[in-house]
Amino acid sequence: MSTFILKGIQVSFEHSKALEIDDLEIPVNGMALVTGPNGAGKTTLLRMLAGLHPPNRGTLRYKGEDVFYGRKGLSHRRRVTLVAQDPVLFRKKVLANVAFGVRARGFKSEIAAARALEALKMMGCEHLAERGASALSGGELRRVALARALATGAETLLLDEPTAGVDAENSERLQQLIASLASSGRGIVICTHQPEWAQSQAQFRMRLDHGRIVSVT
Amino acid sequence: MEFLLDGFRDGILRALYGDPQVLSAARVTLQVSLSSTLLASVISLPLGYLLATQRFPGKGAVIALCQTLLGMPTVVIGLVVYGFLSRRGPLGFMDLLFAPSAIIIGLVILLAPVLIVFAMTALASVDNRIRETTLTLGASTGLSAWTLVLEARFGLLAAILAAFGRAASEVGIAVILGGNIEGYTRTITTAIALESMKGEFGFGIALGVVLMSVILVTNILVRLLQKS
Amino acid sequence: MHCSVDKWIWAFFFVLPFMVHSSSGKLGAQPLIKLATSTSTDNSGLLKYLHPTFERMTGVKVHTIAVGTGKALALGRNGDVDAVLVHARAAEDKFVADGHGVNRRDVMANDFIIVGPRADPAGIRGESDVAAALRRIAEKKSRWFSRGDDSGTHKKEAALWEAAALEPSGRWSASLGQGMGKTLLAADEKQGYTLTDRGTYIAMSAGKKISLEVLVEGDNRLSNPYGVIAVNPKRHPHVRFAMAKKYIAFLTSEQGQLLIAGFRMNGKVLFYPVNGDAPVTGHGIREPS
């Protein structure tokens, strides 16, 4: 059962409900696509799936296991990683940034550096390895952030608007890469309000509006 | 101005030729200000971290208290600590008064609020997306906290250097608790106070230059460490 | 290469504070006594000149804490020092009578003088009656600077105004709350009068820091005797009484007294020894011309 299972989920911020999902199953073998206008609750959903923000009510299971948050959520956070819509890098060199998740899993620095370099190559930005994090353009930053998530080796990637603010050429590249990741067995959940490119490739599509499911296909 | 220049020239020459009085004052200054900065950092930086990251009842009051203590005159700290360390006070039996350790105790109390407030500000100004990023990349809560500290390192270092400068340039605590004993508790600042009392203004200013050199060299060493 | 430099810098920050700390040895290494004294004795350089001999003879180190006489006695009362060397006879007697100190001995004396501007607007130059001189300053409302810091000199000044049956109040008088040096500088800056011990005056005028002149001297009431007192071990059992007694014995010994007599600043005698137990007479002590 390679799925997220959501039951009776309710997430609210200061009295306003951000998400309300009674019953949902999101498959994570291949690509799942979540669409909807701004403010539909897409980001809230991903943060919950990533184990970063607990729901106020309801249960969430990932591949048959309950998802925990906070200190107890470490093992879940090592299986599922989120690339935010507006990612931040640490004040380190690019290579050290990308190696972070590998180091966090207890690997030696040489191994971490090798895996980080590999991930950077996949994203076509190994030339940035020795740059400082503050010296990147917006598109470079986004690709480095994706490389950082890839390097962790997490089995499922949650991508929040991965192509927003990336120029046409790089956007194309990213799309191809994400597609190849999905076909190589990684779970991918993508949130976007411009769904065109992913529509055809996704095995699962759902649409959110005002925190509720509008459609699932 | 000539009367100042003469004393100034004389003082600078004495410092350059390694006058034992100037050297011992510089040594005592370094000793008490480095030790107190180190001790105060060990105590205050974790507190600053707690204030920046945790929510607990009374947090606002603690912050307000620290910010108020920032404005505490050093002489008052000196007198209060004297009250504790004096033979008539509760800690008199420890025989700490008129020794470098007494100055260090006073300075730690002076520096703690400075470090707490500045560390809190430095840590709170770190982008709050950083914490979530570390967590989703698979960091334990400990590594997440440490990454936050690393992200704030420039601000934290600035806080520590500011504290060191405050300790090295402080007079009231050093005089009251140290007693300005030559070669033992006479710091550069208390030596300046003494010289100015004797009307040796030029020499006092020269000692001021020595003090600034000490602080400057310390800052340069810290920068070197930071680069590597 | 980079790394080895780093090591030294880290050593500087983490080892040095503790290294010097232990080398300056709080106790243990060398016996010491803490002496609270008036600023005038310390600023004159007398103690720096006397103490090496004492330390060589006895192996006891003297830590000098120079504050005003009033504060020196307060430190003694609190048991924070082992001995006091001060100049305020009435306060010293009270200190002993109240049981705070024992073994009081006269050590030396110099005298107070009234100094003022060369122009001498109050016309007190050469006056032999100090009370009369003060009355004239008050009459003319000439500028008067008082230490105002509860020091021995301040206590003496208060006694002299009492003798003149006056109180220095009004805009012509200023109470500074400063040491002798600063008070002399202020009086010089504003061309006013002040009461000073002769030692500090000589030291300051020899360094050409002030241009004030000696206007009134020689009145019996201007004598300035210094006494040394051990803090009472019955009240403060922790004081280093045996060593304090050694120190008192040294100051009043023939050798100590000879050393005091031999102390010169710019060729001038600053302090006159008195003989051990004999009370200070101090009448009209003057610097020899």
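Just so it is clear, A, B and C label the chains in written order, and each chain counts residues from 1 on its own.
What we mean here is this: contacts are C-beta pairs under 8 Å (C-beta built on N, C-alpha and C of every residue); 3 or more make two chains touch, one makes a residue touch a chain.
This is a predicted model, so every value here is computed, not measured.
Taken together, chain B and chain C share no touching chain.
Sorting all chain pairs by how many C-beta pairs they have in contact places B-C at the top. The central chain here, found by comparing per-chain C-alpha centres with the mean of all protein C-alpha atoms, is B.
Spacing of chain B relative to chain C, judged by their CA centroids, is 32 angstrom. Chain A and chain B have CA centres that are 46 Å apart. Rounded to whole angstrom units, the spacing between the C-alpha centres of chain A and chain C is 78. Residues of chain B in contact with at least two other chains: none. Looking at chain C, one finds that none of its residues touch two or more other chains. Partner chain B is touched in their complex by these residues of chain C: 2-3, 5-6, 9-10, 12-14, 16-18, 20-21, 24, 26-27, 34, 39, 43, 48, 63-66, 78-81, 178-179, 181-182, 184-185, 203-204, 207-210, 236, 238.
Against chain B, the residues of chain A that register as touching in their complex are 47, 50-52, 70-71, 74, 77-78, 80-82, 84, 86-88, 90-91, 100-101, 104-105, 148-149, 152, 154. Within the complex, the chain B residues that touch chain C are 3, 27-28, 30-31, 34-35, 38, 86-88, 92-93, 95, 97-101, 179-182, 184, 194, 196-200, 221, 224-225, 228. The touching residues of chain B, counted against chain A in their complex, run 127, 129-130, 132-141, 143, 147, 150-151, 153.
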